[in-house]
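Have a look at these structures, which come just after this line.
Shared between the two complexes below is chain A, which has chain B as its partner in the first and chain C in the second.
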Partner chain A sequence: MRFAFYVGYRLLYLVPQVLLISFITFALVRLLPGDPARLSLGPLAPEEAVEKLREQMFLDRPLFEQYLIWLRNALEGNFGRSWVNGTSVAQDMIQRVPVTLELIFLALAMIFLVLVPLAIVTASRSRNRIVAFLRRITFGYGMLAGALPDFLLGLILIYVFFTKLNWLPGPEGRLGILDFAPPFVTGWILIDTLLAGDMETFWSAVRHLILPVFTLAFVYGAPIFKMLRSQMESALNSDVTVYGEAIGLRPATVFLRAARLAAAPTVVIVGTIVMFLLGGAVLVESVFNMNGVGQYAVQAIITADYAPIQAFVCFAAIFTMLVYLIVDLVHFAMDPRIKVGGTAS
Partner chain B sequence: MWARMKSTLRDLPVWQKVVLVIFAGTIFLTVFGPHIGPYSATTASPADRLMPPSAEHWFGTDENGIDIFSRLLAAPRTDVTIAVIATAISVILGAPIGVVVALLESRRTRRSRAAAETAMRLLEVVQAFPVFVFAMVLVAVFGGTTLNIIAAVAFVNTPVFVRLVRSDVLSLIQQPFAEAARAIGNTEMRTGFRHVLPNAAERVVVQISVTVGFAILLTAGLSFVGAGVRPPTPELGGMIASGAKYLIVDQWWPALFPGVALGLIVFSFGVFGEILNKALEPRATRGDGHRPMDEGPTGPVPTEPDIPIQEATVPEPVPDPVPASAFAGEPDGSTLAAGAAEGPAILAVRGLTVGRWDERGAPLLDDIGFSLVEGECLGVVGESGSGKSLLVRSLLQLVPPTLAVRDGEIRYRDTDLLGLDKGQLRKLRSNQIAAILPNAKAQLHPLITVGRTMISAIQAHERISSREARDRSIELLTSVGLSDPARRLEAYPHELSGGMAQRVCVALALMHRPDLLIADEPTAGLDVTIQRQVLDLIETLAGNRGTARLLVTGDLGIAAHYCDRVAVMRAGRIIEINETRAFFANPRHAYSQHLVSCVQP
Partner chain C sequence: MGDLLEVRGLTKVFSLSKHEDLVAVNNVSFALGRGETLGLVGESGSGKTTVGRCVLRLIEPTSGEVLLDGTDIRKLETDDLRRMRSRMQLVFQDPLASLNPTYTVRQTVSEPLALHGVKRAERHERVADMLRHVGIGEHLFNYYPADLTAGEQQRIGIARALITRPEIVVLDEPTSTLDASARAEILALLERIQKETGTSFIFISHDMTSIARICHRIAVMYLGRIVEEAPTDELLAKQYHPYSKALMSAVLFADPRRVPSPYVIKGEIPTAINPKPECGLYSRCPMRQDRCREGVPPLMEVAPARTSACLRWQELEQTELAAVDA
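And then the complex of A and B:
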């Protein structure tokens, strides 16, 4: 009941937020210097043709009406055409969004499967030799939080594992030149190759993903690791833990409950991290030539190709809003003390 | 202030000192860098392309034949200047907005709260654009001039300061000094800006350092993808980008030198923020040898904060005429044995000494000895910081990790608790030795319902089904006098009053019919009427069942009323033990006399 109420409340806010995002996106592009009709026809087109296109593009209408038209088109999945490639932006996005989502998802999975347990275990004061060893090798890792440039780590990894050792493929994209791309189903290369039953290509894709995913997870997992570890340390020293021991709860119960105490505030920063992951994916995609939506946006920015920029910004903002929403819902479900009307801080 | 800075500086680990030097070096290069390089940082020399590091070109040359070392010396000025100006703008814009939002939120009217809520959601929309992407688009749209890069970096960092200042002001505005400022006639705005905001300055300053580091990273990232500073201006991100393509063909120097420099600079700003934090935050613990009692022995007791012994500032009730030496060493076995109850001891403590785990410093509990027979109630009294709570935690074998038992014996029936391993201790706890700790609401897990806590506590010691455990919990809650127990099981601790939470803890303590109950300030933070109810409840449930009780309290009235014997603690020692009646009639120790004279004027 309380949960349903909160979901409704947050969804209510989501609608104006998404509208605002779309308006900002639209306005950004309308602020651009130059005439979109002239841009899309090129400098040599006759004036009458440009005039006609202006009418077709509703550029003679008032600004707000233009926004509504753009919004309608966007809702129908029409984000215009790239004037550099002449392709449909929506089509380009469908091809490239899964690439980026796959990177972000795998990086998050690596953070949750490796770094989160590591943070929780190394926070304990256990004298276990393995734990002590892990503590030693993770010393200082948390301090890297926010200090290590992702593109730099990517470059160093390429230099070491490709140029020097030649263990892993270099920055040649998602597959090698000799691999056959699987038919497009989900756009997630690991899934598509499995669906096609092409194990050789699947393993090639895995090898191509190792370095970019590691780069993202290592750089953006650091703040999560740092936060969770310090939260866990204070949770283990908290009254709640001492009391749990005093009433003779099982050690596993006490430990898991301390982890739960530590997890609630950590969840909040995961939203921010996912947002940074998207920004990081832009850079890492460029470094590794992954041809995802981030690299697409970078190319569009360099060539001043506005429709793709617009679509990308819109995608990024809505993606982040949804992540924030999910994170807030998880946090709300985890912590009964949060009131429905309270602002997330 | 300066003294603290100095001592912080002295206490820094070596690596942080190294980082500080790098930080200072960065600042130096920002000011002088472009003028000290051995070669020009911008003049191309095609004949010298991509020369590896040598005596002539320490870091080699890049694709245009420019000396990388010279370029590297010149580059920080670009990045750091952009970052510093942008961060300054973020603070100037963000801080006032944060204050206003917090003021709106702290007002009780519906309209202003809605305005604040809307402002926060708007902020969320701005923050929804991923920082890097947003900055990149802004630069793309408005053109890659330095001014636009600054504007973009400033804009994306502004929400950070809005949020920080807002949350700081929100918590500060409820403090007495802010209320006082308003009470003497300051307007709300003036209070917020003149009185509250300066108090938030410390955290803002720390955040500035971190944000400058982040802004440098952002600037470099933008330039790396070609949406920032353009060549030939020496700039780290651009240098890395131009070197990146040669990395694959094993020409590593054009990319790696600026890369390492960028990493070091950003890292040094982050660490500088942490050092600043340490220097500015007066309460931050330093890693020196003075970690007294305030670290752990007591939980948060709102009414009676524990004060470290070494610097005990609790005013004595009466100026102490007895020299300290009179207190020390006086209690010997014979004094303490006086008034020992008859019958077999259920708990016998001898020579218990607790101190820092590394054996440094004076012990915090010194040669404690007493015994407790079945069914008896022993009161432990003493002022804050006398070591009462540490005694409780030692008896429970839950000494804070910074401390350790150095010597002595804690004998429960026939077993020495100090010789038991963790598993054996756990079986004893709650089953035979139960504990009630101060401030029940802070003890119960805030994210777990009362029912789950109780059921898991029952199942930790008995193999019964959850359903049975639940039924037992309802019975237990009924027995401690909670109305509507089935509904209370679904409640979270924050939904209970302090009295109700303490009753839950009493139920948790007595659920396994222990032989010994150790209650540490069981009524701390409760109303006087509720205090009596809780104590009476413990008395009825435990006393009538023959459970021996150790009742720690700062309140002599409680000790007089509920205990058979009283022990007085001071500075980690038991200075007197006697039967309650005899003790109050004739306290023998000078300090006890002071204590008693306070309650019986």
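And then the complex of A and C:
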């Protein structure tokens, strides 16, 4: 009950935060140089036409009034139109947000399925030959990955696996030219192809996702890997572990407990990493030519396209706050000392 | 009645590389009777903690025997050893670092019982009894370790070590992180518990005043070896090894009549990596002679129930004056 109350409280808290962020963005975007009415009509259009368009776009009204108009429309699900493409921003976002979310989700899944177990296992001082081998492989990974820009890794991977080896498709988006896109249901290509029962396209989508997801996971998993491994090492060397042995716990139990102690602080940085993943997705989408929300935002900024920028920032803000909420909830679940809705006492 | 614990020739070598062996514990032997407290004293790096851990087989000794009630715990199989663990326990130096931060006080103390198959109802009762016994009020039972004071944390550490009614408890500097009043309370608690339960303690410390208060006998360790062993009163009165003598003169006893003797050993404890076959104190000893380098001096019986590893132990009474002059 208290838990549900807390989640509701946090969600309610989202409202003023998003309002404030949306207003600040609204004001800042309008500080960008260039007149959108002039930009959209071109340099040769007569001044009267530009003036007229400016009125239609409410650009002649005071800033706060413009914001209220935007807010009213946004509450009705209308985020305006892109002045560059003339498309509905809401429609664009529905198409593009799932692309980015799918990338982030798969990268996180890869981090949790591969890097997290690796970090935990290689932290042990086991003399097992497989563990020793893994330790040798992962040695330096944390250092290397932290220093490698994601777009560069993406380009190297494309060069090796597409240009040289031709094992995987090049940067042609989510599907090949000859693939038929599945009907839009969730926007997640792996889910939509499965729903359509089109296995051939499904595998093509998988092959197209391997490199971008690997790039994101490799680069952004490094801090999680480093943190978890060092936490695990100190947990294994701690007196808590010695005590576990001293009372006769089984070695596997002692190890799992250490992992649990190591996990709690690591969860906190996972939240931050997810934020970086959203930023990383912007670059990786550009490199791999995927029509995600990141690429969309970059184009909008270049063309001073107010409405998409505004929509993207609001999306990013809500996404960020939801991730933090989830991280906090996971943290509560893992650490009984933290009382929901309060500070650790 | 035989001794509860007998340690013979205990040695622990950590192999650092092909040519470097760190001899943390070097041929250590001692015995501990029921209800007795043996103090292990020495400076950092003298191997006291390693001895404690080896006795509990938390560190695998390189050689030697550890006989608990006649059973060599080094020869026990994994499952037998695990069962044996309820009979021997450990209290740590840093109570907070050794308590699981996600367990409440009650969970912490009942964990060893649960592990050794004690039923829930009995567990509940025994835990409450034990906690009251160590002076933890009922209102603290559901607190987490971080919410408690250091003294309370160490009481929890002691409670969970004693809950399985062990015969022997290794206390690894249990009072060194506590302030003076908490230290006095913990020492009083340990004395009371020993009187009531007859548990044997190995008390590891570099704090001579705590050792003097609680231990029946004291073994002075230096560079992985015991260099002198004697009943507490006798050791406090007279030392038959220059290292013990220096150790004692560094202690400030709360007794104004006692004149501190300025017997000082300069320098640092030498490295335990590949130790030379000579008296470990040779490089620092104010009364060294060439024969001290001819081999490691053995522990010799110098008086009833007293041993010393100094070749010149007889002269030590006179050297006090010499040291004052110097």
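By definition in this document, the second predicted complex is superposed on the first by the 284 of 345 C-alpha atoms of A that agree within 3 Å, B and C clash if a C-alpha of one lies under 4 Å from a C-alpha of the other, contacts with A are read in each partner's own complex, and residues count from 1 in each chain.
Keep in mind that, in the parts below, a contact is a pair of C-beta atoms (placed from the backbone, for glycine too) under 8 Å apart; a residue touches a chain by one contact, two chains touch by 3 or more.
This structure is a prediction, so every number in the text was calculated from the model and none was measured.
Aligning the shared chain A places chain B and chain C in steric conflict.
Of the two partner chains placed around the shared chain by superposition, chain B is the only one that A:151 touches, whereas chain C remains out of contact.
In the superposition on chain A, contact is made by A:298 with chain B only, not with chain C.
Legend: residue contacts after superposition of the two complexes on their common chain; A:245 is shown touching both chain B and chain C. Of the two partner chains placed by the overlay, neither chain B nor chain C lies in contact with A:2.
Taking chain A as the reference, the larger set of touched residues comes from B, when chain B and chain C are compared. Shared-chain residue A:136: touches no atom of chain B or chain C. With both structures placed on the common chain, the touch criterion links A:72 to neither chain B nor chain C. Overlaid on A, the two complexes show chain B and chain C touching the same residues of chain A, namely 239-240, 242-243, 245-250, 257, 260-261, 335-337, 344-345.
Chain A contributes residues 13, 16-17, 20-21, 24, 28-29, 31-32, 125, 143-149, 151-152, 155-156, 158-159, 162-164, 170-171, 237, 239-240, 242-251, 253, 257, 260-261, 264, 275-276, 278-280, 282-283, 286-287, 294, 297-298, 301-302, 304, 309, 312-313, 316-318, 320-321, 324, 334-337, 341, 343-345 to its touches with chain B in the complex. Considering their complex, residues 238-240, 242-243, 245-250, 257, 260-261, 335-337, 344-345 of chain A touch chain C.
Of all residues in chain B, only 105, 116-117, 120-122, 124-125, 127-134, 136-137, 139-142, 163, 166-167, 210, 213-214, 217, 220-221, 224-227, 240, 244, 247-250, 252, 255-256, 259, 262-263, 266-267, 270-271, 296, 299-300, 393, 396, 398, 400-401, 422, 426-431, 434-435, 437, 439, 442-448, 456-457, 460-461, 492, 494, 508-509 touch chain A in the complex they form. Those residues of chain C lying in contact with chain A across their complex are 53, 56, 58, 81-83, 85-86, 89-90, 92, 94, 97-102, 104, 111-112, 115-116, 144, 146-147, 164.
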